[in-house]
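After this come two complexes, each holding chain A, first together with chain B and then together with chain C.
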Partner chain A sequence: MGDHLLEVNNLKTHFRTERGKVTAVDGISFHVDRGEVLAIVGESGCGKSVTAQSILRLFEEKGVTSYDGEINFEGKNLLKISDSEMRKIRGNDISMIFQDPLSSLNPVFTIGDQIMEPIMLHQKLSKKEAYERAIEMLKLIGIPAPEQRVHEYPHQISGGMRQRVMIAIALACQPKLLIADEPTTALDVTIQSQILELIDSLRQKLDMGIMLITHDLGVVAQHCTRVAVMYLGEVVEEGDVESLFENPLHPYTQGLISSIPQLFGNRNKKLSIIKGMVPSLNEIPKGCRFAPRCPFADAKCMNEKPELETLDHNKRIKCWHHQTIKGAVSNAT
Partner chain B sequence: MKSYILKRILSLIPVLLIVSIVVFMIIHLTPGDPAAVILGPEASHEDVKQLQEELGLNDPVYQQYFHWVEGVFQGNLGDSFFMDKPVTEAILEHLGPTISLAILSQITAILIALPLGIMAARKRGTATDQTFMGLSLLGISIPHFLFGLFLIIILAINLRWLPVAGYKPLSAGFWEHIKYLIMPAIALGTGQAALIARMTRSSMVETLNLNFIKTARSKGLHERKVIYKHTLRNAFIPILTVIGQTFGTLVAGAAVTETVFNIPGIGQLIINSVERRDYMVIQGTVLMVTLTYVLINLLVDLLYGVIDPRVRLKKES
Partner chain C sequence: MQHEALKLDSDHGNGSYGTAAFEARPIIGNAREKLLDIKGIKKYFPVKNTIGVTKKYVKAVDDVTFHLYEGETYGLVGESGCGKSTLGRTILRLTDPTDGEVFFGGTDIFKLSNSEFRKQRQNLQMVFQDPYSSLNPRKRIGDSIAEPMVIHNIGTSQERMERVFDILEKVGLHADTYYRFPHEFSGGQRQRIGLARALVVNPKLVICDEPVSALDVSIQSQIINLLEDLQEEFGLTYLFVAHDLSVVRHISDRIGVMYLGKMVEEAETDELFANPLHPYTKALLSSIPHPNPKIKQEKIILKGEIPSPINPPSGCNFHTRCPLATDICKQAVPKRVEKRPGHFVACHLAE
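And now, the complex of A and B:
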């Protein structure tokens, strides 16, 4: 402990909404080291994006959002530092790629302007030097004819190109941590893998830590070192990629893994999709949050909250019955 | 951009055609024979006949129309019988005060509206926001002549800071000129300000929720830059539309204010001409006001292209 690049402890993010206060992220802890890729997975609405954006405090609107816990980055608690200190970290030490590449670029400024902006801000380069950096970045991320592209507007280039530009913006100041929120979901498969390879090679080159949010367990298996599985604002299981895929302990993780489409073998085999729906943040179950949808749930699960237990081999799990459930998935298939 | 400008300008042709027909018909659609009205009830039958001949009222209507359009292109809008001078000259004499008033009140409106609208958007949902929006409703609902009268009572009569009414041209000196226009400009401008402020707020709120604003923040930009560079420019098209519209209505809406403050502008010219049934002047001023409106809209359209590359580059990409 203590020497991780990013260490999140018991983070909670609350929003005040018309229907009362909701806690979208409820006491999660995880860490990211230099040079590693932590995957955050979970169904839609489980709080992945809120977690990501909380790290940069992007929700801050007086009286609407509040945070609890600690986000330690290089010895500083990001939840305690001033706005101006936070601005120095954003886009410089920690960068973010957002979920929707098509609407994440400003339509009225050229691509060049948008890449140059953080360079001029953080590295105090002149306009001309920043322009050269921008061209370099475009080359680096594999955009052809960068001298022309810098003068174009987002609507003039394809979705895949826009996502590459977002990556160029995020990497322009060589951040120590990159938070990528589903960087490829809107794109088609070939571009998806190109972009992930690109991020991967830049990670090696810059020794960046990466927090990769995704729905796609295939991506996790290929590109990540560790995984944290989220459900309804909590981390329910965390561990190394191999052990998590080979030996998932949480019934929710097991459900996620068995719902990966099978590429080989019997295509007509029914996918076991987790039954039921994610409850809304206003009706959070009182015991284990997954209990109402869990095939193994009993009275204890319904009434008592499990804690996140630490097992050996960096494995953490939040489930009353993980010992008895162990291996259930392999028997079932 | 060039093709965009050309397209905008070409699209004006049908508009101008319709405008010209409607304005031309003013004379023919008003009840009574224009010649008889001009000469008054005591005129003899022969005199009326002769004037009809002079005005070309006996020609077929389409011929009269072409004749009139030809004149318009040469800057000839006919003569005013009451003022005994060409209509163009009468309009030019009254144009200066109205333009000064319109520009000054529009500047007042924008200077009030933009900061308030932006502030309300940034503090959306708070007491500040509600106060500003409440004030703007008040601004829209108070008739501006009434507001003008209040201003006269306070600033001119009680405090004696400004002249009660009247007008001095720019040639009398800048301050002399402005002094007479401050109160009418405020009276006219607040209503416009309210409209512009409401649009500014709603457009800014909408834009602030867009994803690229989060991108801008995540780069580490100062909130000021996020608001004034990234948000305002994107939010500006609807704001500009309202500015254009209010400016257009200003020219016409100034009539009452000009009367209250006794400013010899186009508004007064229209009111006097309607009272006197001075058809040629009515026709000329209506044409002028409509043309101004059309030109302002053209300008607004062209500015869209300057602000938003998606408008400007639509055809080329």
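And now, the complex of A and C:
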């Protein structure tokens, strides 16, 4: 306890909507250490982006959002500190890369201005020093001719470059924790591999902790150390990458892994599917949330909520039947 | 089902189109029949300067030649902006071709008048990436699906309705879908609706433009399986445009790889993955993250990004990013050569 860079305990994020209170993230716990990459995996609507944005307290409208639980960052509970303290952490100690770089860059400021802003704000450097730092950052992320690029506007550069600029802004203050929300989803594979290599090398250089949100299991397998799988606002399974891919315990994880088309081996066999679809947050099943789609579900699953159990090797699982299911489906990898 | 569909087909005023176009045309030296033969297709978009004079062109599709066999799935891959979607749209004349020939059942469909071609559209259908923006939000699903039959004057309204219920069942949707509106459905369901609308006129070829890219993995696999089942049942031919190589590998019999408006390599799926010859294909295949943490990949990281198609590089247009480029690559445009049976590549250095 207390020695993790980030520790999230029983976090709940509620939104008030027209149809009543919706709990998008419902009691999740996990931690991120320095130098490691934690992947948060799940389908759209599972609450992975809400989790990320809750850590930075980006939902601040009073009366609409409310949080429960704890988010401990270097021993400080981020949910308890004042707004001005939070502002000092945001973009400085913890920064975030968003999925869509065009809508998160300001179109009326140059790239240079946008990289310099957090540096001047948090590190209290002069404009000239910040300018030099901005050029240094652009060099670091592999943008050619940074002295020219620094004066350009977001619309003048390509999608891959914009995403790199986002990374430069996020890393300008050398954060301790980087939250990357689908950083490469909008990019092509050859550009994606450039960006992921870049994030990887910067992580080693700066000893950052990274929380990588993605739905691409290939990216998880190649670039992450630990994985938390989310379904409908809950973490259903957590473990290190190798054991999770080799021996997925939760039926949802098993379904996800076996439903991706393979790059090697027999390509003519039918893809296995997870039947049905993710229910809406207004209609959360009573028992286990995955039960209506689960091939192993029985009466107990339908009626009683399973708890997140901790097993050997820091593996955690939320399923009534993980011991009997184990190995039942193992066509992973 | 098949029977029912054929009956509807002959009810159609110009029913002969459906069959006459498909009389066996044996191709010498190849047992399989070509459904679509695409030769030197080009699509240039004019770029106008401030006074409206066209001086430059975006060469979105530049001299692409390939063919589709009946009943196969042909995967078209490449990065965004390489022209793969434009190629699909140009084949269907959704945008006017600049040059080239597309033979469908012996006729060059680029030479047909608009009204003649409209009759052929029944055989050539399309499924779009975003099914929401391609469905009319104010029309009931049943009416949207029946519309192609109305346009092609197929059946009575009673028959059309029965046919829609039939096809809804085939794509795995409830009958009450007929009376509902597009906003009531999830992405996966909308994609099923898009498929139903394409299949309702009993087409020969369906061009699928990124049909699963917007879907979550668990839904994606449902749609892929559905596409395969429907192909088997109706003997469909697919031109499957996508950027996700693992999906394309799973579904395609043959694959064409595009880069900057040109087709750089084409081969049967297993051959392409086992033996990629073009340096771009090699880089593309090596950069897909492998979903097995134990396999550590040797990635070929390409330098830079796709150049602008307004000013494509001279010679081989990949030479600016190619790790192997030599002087000849900067000067001469490589020709499409068959290096192995059925394996075509356009590269000076390919062995």
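Here is the rule we use: the second predicted complex is superposed on the first by the 330 of 333 C-alpha atoms of A that agree within 3 Å, B and C clash if a C-alpha of one lies under 4 Å from a C-alpha of the other, contacts with A are read in each partner's own complex, and residues count from 1 in each chain.
Please note the rule applied: contacts are C-beta pairs under 8 Å (C-beta built on N, C-alpha and C of every residue); 3 or more make two chains touch, one makes a residue touch a chain.
Being a predicted model, the structure only gives us computed values, none of them experimental.
**Student:** When the two structures are laid over each other on chain A, do chain B and chain C clash or fit?
**Tutor:** By the criteria stated at the top, chain C and chain B fit after superposition, with no clash.
**Student:** Considering only touches as defined above, state whether A:M211 meets chain B (first), chain C (second), both or neither.
**Tutor:** neither
**Student:** Quick test of understanding: once the structures are aligned on A, what is the angle at the Cα centre of chain A formed with chain B and chain C, as a multiple of 10 degrees?
**Tutor:** 80
**Student:** Quick one: is A:V8 in contact with chain B, with chain C, with both, or with neither? Answer first, second, both or neither.
**Tutor:** After superposition on chain A, A:V8 lies in contact with neither partner.
**Student:** Which partner chains sit in contact with A:M137 here, chain B, chain C, both or neither? Use first/second/both/neither.
**Tutor:** In the superposed model, A:M137 contacts neither chain B nor chain C.
**Student:** Contact-wise, after the overlay, does A:Q192 reach chain B, chain C, both or neither (first, second, both, neither)?
**Tutor:** A:Q192 contacts chain C only, not chain B.
**Student:** Name the chain, either chain B or chain C, that contacts more residues of chain A.
**Tutor:** So, of the two partners, C touches more residues of chain A.
**Student:** For A:F245 in the superposed arrangement: first (chain B), second (chain C), both or neither?
**Tutor:** Only chain C; A:F245 stays clear of chain B.
**Student:** By the touch definition at the top of the document, which applies to A:L58: first (chain B), second (chain C), both, or neither?
**Tutor:** first
**Student:** Kindly classify A:F98 by the partners it touches after superposition: chain B alone (first), chain C alone (second), both, or neither?
**Tutor:** First partner only.
**Student:** On the combined arrangement from the superposition, state the nearest Cα-Cα distance between chain B and chain C in Å.
**Tutor:** 7
**Student:** Which chain A residues contact chain B in one complex and chain C in the other?
**Tutor:** Common to the two interfaces on chain A: nothing.
**Student:** Write out the stretch or stretches of chain A touching chain B in their complex.
**Tutor:** The contact residues of chain A facing chain B are 53, 56, 58, 63-64, 87-92, 95-96, 98, 100, 103-109, 117-118, 121-122, 153, 155-156, 166, 169.
**Student:** Note which residues of chain B are touching chain A in the complex, please.
**Tutor:** Within the complex, chain B contacts chain A at residues 125-126, 210-212, 214-222, 230, 233-234, 307-310, 313, 317.
**Student:** Along chain C, where are the residues that touch chain A in the complex?
**Tutor:** 79-80, 186, 188, 216-222, 224-225, 228, 243, 245-247, 249-251, 269-270, 273, 283-284, 287-294, 296-297, 299, 301-302, 305
**Student:** Considering only the defined contacts, which chain A positions touch chain C in the complex?
**Tutor:** The contact residues of chain A facing chain C are 43-44, 158-161, 188-194, 196-197, 215-223, 241-242, 245-246, 255-257, 259-263, 267, 270-274, 277-278, 333.
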